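In the two complexes below, chain A is the common chain; its partner is chain B in one and chain C in the other.
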Partner chain A sequence: MTWGWRVAKYTWPEKPTLLSTRVLRLDGPDKVAGRARYTYDINRPGMIYGRIVRSPYPHARVTSIDLAAAQTAPGVKAVVAYRNPGDEVHYQGDPVAAVAADTEERARDAARLVRVRWEPLPHVSIEAQAMDAAAPKWSTTQENTRPGVRQETGNLETGFNDAAHVVEQTYSTHVITHVCLETHGTVCEWDGDKLTAWVSTQGVHQCAQGFAQALGIPQANVRVITQYMGGGFGSKFAPDSQGIICAKLAKLANAPVKLMLDRKEEHLDTGNRPSAFAHIRAGVSAEGKLTAFDGRSWGTGGAGAGSNFPLPYLYQFPNRKRVHTDVYINAGQQRAMRAPGHPQGCFLTEILMDELADRVKIDPVEFRIRNAPPIAPNAQWIKYFQEGARRFGWEKRHPTGDPTPGPIKTGMGVSAHLWGGAGRGSTAHVDINPDGSVVVKCGTQDLGTGTRTIVTIVAAETLGVPMNAITTEIGDTQYPFSGGSGGSTTAASVSPAIRVTCTDALNQLFAKVAPTVGVQPDDLVAEGGRIRGATDASKSVAWKDACKLLGTEPISVDGKWQDGLSGAGTSGVQFSEVTVDIETGIVRIKRILAMQDCGLIVDRLTAESQVYGGVIAAINFALYEDRLLDRVTGQMVNPNMEFYLLAGMSDVPQIDVVLNDMPERGVIGIGEPPTVSTASAIANAVRNATGATIRSLPLHPHKVLAAIEQQRAGGTN
Partner chain B sequence: MDHLTSSKLTSGVHCLNIRHKGMYVTSGPYPEELNFYDPYDATAYWCVETQRGFGPDGKPVRPDMCSGDRECCRH
Partner chain C sequence: MSDKEDRFGVSRRDFLKSAGVGGLATAVTSAGVTDVEAQAGPRVIGPGDVPVSLTVNGKRLELRIEPRVTLLDALRNRADLTGNKRVCDRGSCGACTMIVDGRTAYSCSTLAIDVQGKQIRTVEGLAGANTLHPVQQAFCDVDALMCGFCTPGFVVATVALLEKYPNATPEQARRELDGNICRCGTFVRIMEAAMKAKTVAGPPTRQARWGDMGVARG
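Up next is the complex of A and B:
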């Protein structure tokens, strides 16, 4: 092991023993055996159960709320009104009141006894409806649209004059919900004026702030615990209304309350990815260089929330103009969802790219190489297009439209993406005890991505001890501050903090050990469970014996993230091969190749898992998920996991992940980028297979068939 | 080039109760990203007091809404 701090105080080792290897998740056995306790599994003595009463209407005014019948129902311990007469609700599922009872069943029964009188108001449920000047308003005080500012670069007229070909089409993506396997929810318990909350959250410290500010209590009085959680994807950063309601019910009932949302509530009121539409006119020169982009985009983030996304995405249009309009409808509001905006912008741009490539009769990979940003550490697309094409067998791709006889057509597609993934700000604490045990504490949380494992890897690597010598404590506000886990920032925030803290602790141990070993502290290294001279390995002491020299006082060190151990900017390219049954419209994905970088890989296994997870999530986005609202009633017609479709095991194809090691860049997050470009790679493969361009997600069979029919009529290209 | 909608919250202009994810993650800067697309704002906002995307007055939480003389605004 090389101790880089002799050159620069904190660096990553040049020859690591654990970093970048394939390390199994430490909590895997606990999860498989059911020992891992998620928020849903928390049961406190005397605990009761909360239930929220929600609006059945997409738009209505509350005229009265009568809690009397609910208050006297069997087992009921607390009832609260969350809204007042005269208040307006803006979507199905808008919270109105809540109850807590001694069993979940009694809580549900009591919730049905809360009598709310409503004045239904006109609603709008789809974007086109809302954009009609004569449409009802989503709110009695707000307009249905909010036009954005015109963005313009270069000279559009010149760009189109330089174009040999022009494509003009409308592209779109749909609304999907987060579908966290563990629903949002909280267990709240008061001890006098102190609140302990077990929350399914992406940020324990951030959630504590939210509780404190919403409840008007000192943050010091709030403890938030999240030992395990089943996914958040951007939707779990705050206590949310259900968290505050849970805390209020617990205070009122003087008992711990568990309030976990059910699947319907999850679909209606915990966020979604906004829709995205764009009417685009784009030009390309005879040489295959992009010349002009003129886009008018819109989308909905639900009731009063924005819907913007990057457009055009990644490729270099020197002359471009765009205007975006937010459209508001009576539906639950959007929240950040795994790479906010990027999957939408990527899809809209990448389908256009294939259409432009066909116009100039250039292979889509070559066309992208001609128009991609130049290669840089954070911009490896050209390399990935070339290397990926070789690995994938792109040379076997046929031109648009599989000429093979029969109903099953095969096609290949490609797409590219980027993300930031930079971290900062995490803090940590480490104790090296006289008995040789090590405890690392960090107030981060593990969303299921492997944070607990990577914290332990970094600590063990730095201290030169086996991973089982480290006790890692995370997921609790009693541990040092760390940021919320979002934006692919966790690995890049936490890993440096652990490295710095453990390095400082080890240096203190070196100072204690040096006289015994007979080597200056600066010439000591720790590896293989021993501390030894860097140049004379015969001068050494076992880790446990070294720690005995501490006597009765452990080494106890606080540290924080420092610059130089992490980086920013990742790039990736994905290839997809599909089959399409042109008689049924059913798309099957045969394989996907994901080329991806994330700087220094901490745990190769969990980094690859991030890519698998991102790709599978995007397969759902491309082929299955769709939040369907009935335009007449404004109701979501599939608020469940029966008709809200997700890929099953047999729908997941072979996924090959190629991680580009770039240790010199430091740690960069990888949670978001792999989910960005999959859907467009699939859609482009469907286009290559069928010859029909499907410009709108999801690629449901009826859409595929309609596009093929339109193509046969001479229409889609 | 102008921003479509600004994600920046300005002290003294915007309500102190407005929140978004970017305020809760310890994200480092990535200035080069604007080499690959123009600025955009995909942010979901919420009110720290209500813990929802609507303020105490029932109106949406957004920078363009959460400023000035809106009654529930806290400066």
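Up next is the complex of A and C:
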């Protein structure tokens, strides 16, 4: 309800008491005590366990599926076929059938009794192999490649004519998987024709829609709950095959079913970051200005999924052309992964930038400043290059190649990134009760980014009450619609929705209490647990007494995100210092500096955690993780956590985070940007240390050694 | 032997003992039991449900489970103790870390039947009714968690660290916590939490003193 006689105007407070401070994560105590119930932890009365049977082949046709032996196995309550004879599967791990049994162990036993007969088909596992015209096809009905984006600006011929130096090289990044610690999965429970699904998801409302469509039931009959979830990183927006299978098993068995994927399934069938390759020819003028970029790129998103990424990244090439090709192989499909496309485009461009800088003999920071977009609210790179270089001690950086004797070489690198992070139409509901309690409801979800906490911060700030006066309800489709938590949009969507809704509710309360306080509603403010006159603070009423005036009827308000409280466009720059053992090829990171903005910071503590997390994720991308497919068998050789390498405590360097407050820009997301440029900064530091350029990720020791060997042999530097 | 080797040696040895060498150990002990059992070779348990008695957080837990059920699954699926998480399920990520007779153990790679009679501590056993363990409080205070799925394992590992080294150095902490993986990237603040907690964690517990005297480590 709005008041016709006043125009609602929504702004952030000029002097906030909670916003932008360091507020402890509200669900911290439940998480550290093991009390937080994730989907994996939901145990329902009479619950049984689901298990999926998957293709062991990278490419095959199903000849027959025999469920009989599984159906009569001990403890089995339901068996379903997910594919039909004649169906083609396109990757190892493609789901085929499923069972549900009274214990997990028996479900695994029964799954092994499902007899599937296969006609194996030829497969392709490597991009270069798939692009060969004589290669086997990933699918019997589709080609291995598809033309992707094609972009052209300016005039390449003019650009290369203006160039004093030209670099021409091939660069690449690898496929990694999300490795959510809580695997994808669902607990499904039917009550007649109504489904309740606990899902480890980044989008409860999106999931409800997905269940309804796949099961052919009204969306109104589906309730999705996600109180806590153990990591998604872009891979958890839909029920997926495992969710639909779980719902079917539960219906068939007439019992709640828990179906959580195991670690191998998680690697094979829940998404990955596509690879990226580019053959690039680029020119630079004698004055150090970029003149031309000619790039031919390709990459694979697996079996039938695209692989686009921004190229060239960030820097201003006046004349440029880029042609992309999507390559398909027999591997699980890609999904959005933390800043989709950006880490790839950033790496391919930033390594090239250092090579160009060396050609014109200009310091890499200065070279970037000359070629970065001009400073604007959403383009702070030049400022961050300058300030970051000063903070990091960039002046101590030596030219390419550490001249000191001994096997341990030290180097510094720099890299920059951008991201959108805009808000969109979240909705919310707030009740102010006569006893003074406040309930805020929003159908968003907290992936670990701190959404539950920021919702509460905004509500408490707006209503002028302590945070413990607010009950925050999220993670349930019974609450008002909010979009999936992806694209760093959540904080920028949810914070304005809460601000608008709580402001409207407060205005209603002001109207109610104005006569008692003796001040016009327009002149009331709420702060410190009181409602008082804005100009005459002596006229006031305590929050609880104000709410008593409501009698029996709570204030109950719905509201929606509005433009003006959130912004879009972030910029960041990162610096890295590494050591490289040129005898073993092992890279150790000494320290990283992250310069980052995200508009109005809601919770400084959790915003900083996002940056730490983004940087560490990118350390993994740069140095450790790699999805390895065996080209002969098409099998993933490391679908686990001992050979799929991730950083541990000893691998994490000193990380310094500098957040640039820009409250005038409104709230902007920060989940993705800090993970974009770290790997490039590390790779450039390795180049600075060794004098050898490694043009492909990850920077595994054998590649570092090979690059050093090539450089010694008079290679391409 | 370095701390790191020690830590890995302990848990992996335990796992091997339970998984592969169990038959040998049983054969040795059964020699003194009855002739019938000795002649029949190692006693076969299962494959059906058998009684298993566990002592978890000081409380007795009587279960009927198959011998192949891990400690982690027994507690999560049969006793609704879901605090410790299943992540890699093969002893490489540490999310399932529990303290068994004073030593950290990967409960996903420990059979429940093998830890009967031992003192098992899970993340649920650390907090009081209204207060958190100092380690848990420190994790909250410095935001050493994000999604929280690795957190119980890290909390337990940090408790074990400080019981072993009440004045742990950063280097000791790094080594003792190297068996745990976080995907959100909370390591920086976990280290902060460990260093903060050691100042308030108080005197070592009895189990830690056993460990220091080498009794628990064997």
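In this section, the second predicted complex is superposed on the first by the 706 of 717 C-alpha atoms of A that agree within 3 Å, B and C clash if a C-alpha of one lies under 4 Å from a C-alpha of the other, contacts with A are read in each partner's own complex, and residues count from 1 in each chain.
As a working rule, a residue touches a chain if its C-beta (ideal position, glycine included) is under 8 Å from a C-beta of that chain, and two chains touch if they have at least 3 such contacts.
Note that the coordinates shown come from a computational prediction; the quantities given were computed from them, not determined experimentally.
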Chain B and chain C placed together on chain A: clash or fit? fit
(request) Please work out whether A:D504 is in contact with chain B alone, chain C alone, both, or neither, and reply first, second, both or neither. (result) neither
Message = Tell me the contact category for A:P239 with respect to chain B and chain C: first, second, both or neither.
response = first
- Query: Is A:D626 contacted by the first partner chain B, the second partner chain C, both or neither?
  - Reply: neither
Examine A:D581 and indicate which partner it touches, taking first as chain B and second as chain C; both and neither are also allowed. neither
- Which partner does A:G648 reach: the first (chain B), the second (chain C), both, or neither? second
**Message:** Looking at A:G230, would you say it contacts chain B, chain C, both, or neither? Reply first, second, both or neither.
**Reply:** second
For apex chain A with the CA centres of chain B and chain C, the angle to the nearest 10 degrees sits at 130
Which partner chains sit in contact with A:E350 here, chain B, chain C, both or neither? Use first/second/both/neither.
neither
Of chain B and chain C, the partner touching more residues of chain A is B
First (chain B), second (chain C), both or neither: which does A:A617 touch? second
Key: Touched partner set for A:V179, first chain B, second chain C, both or neither   = second
Min C-alpha distance chain B to chain C after superposition on A, in Å, is 20
Chain A contact set shared between chain B and chain C covers none
In the complex, the residues of chain A that touch chain B are 87-88, 90, 139, 141-142, 146, 148-153, 203, 206, 209-210, 213-214, 234, 237-241, 243-244, 271, 274, 301, 303-314, 320, 322, 324, 326, 333-336, 340-341, 345, 373, 376, 378-379, 418, 420-426, 482-487, 489, 492-493, 561, 566, 568-569
As the complex stands, chain A meets chain C at residues 24-25, 27-29, 31-38, 40-41, 43, 103-105, 179-183, 228-231, 233, 262-263, 447-450, 605-606, 608-609, 612-617, 640-642, 646-650, 652, 655
Chain A partner, complex, touching residues on chain C are 66, 68-69, 73, 76-77, 80-90, 92-93, 95, 122-124, 126-127, 132, 136, 139-141, 143, 145-152, 155, 173-175, 177-191
The residues of chain B that touch chain A in their complex are 1-5, 17, 19, 21-22, 24-30, 32-33, 35-46, 48-54, 58-62, 64-65
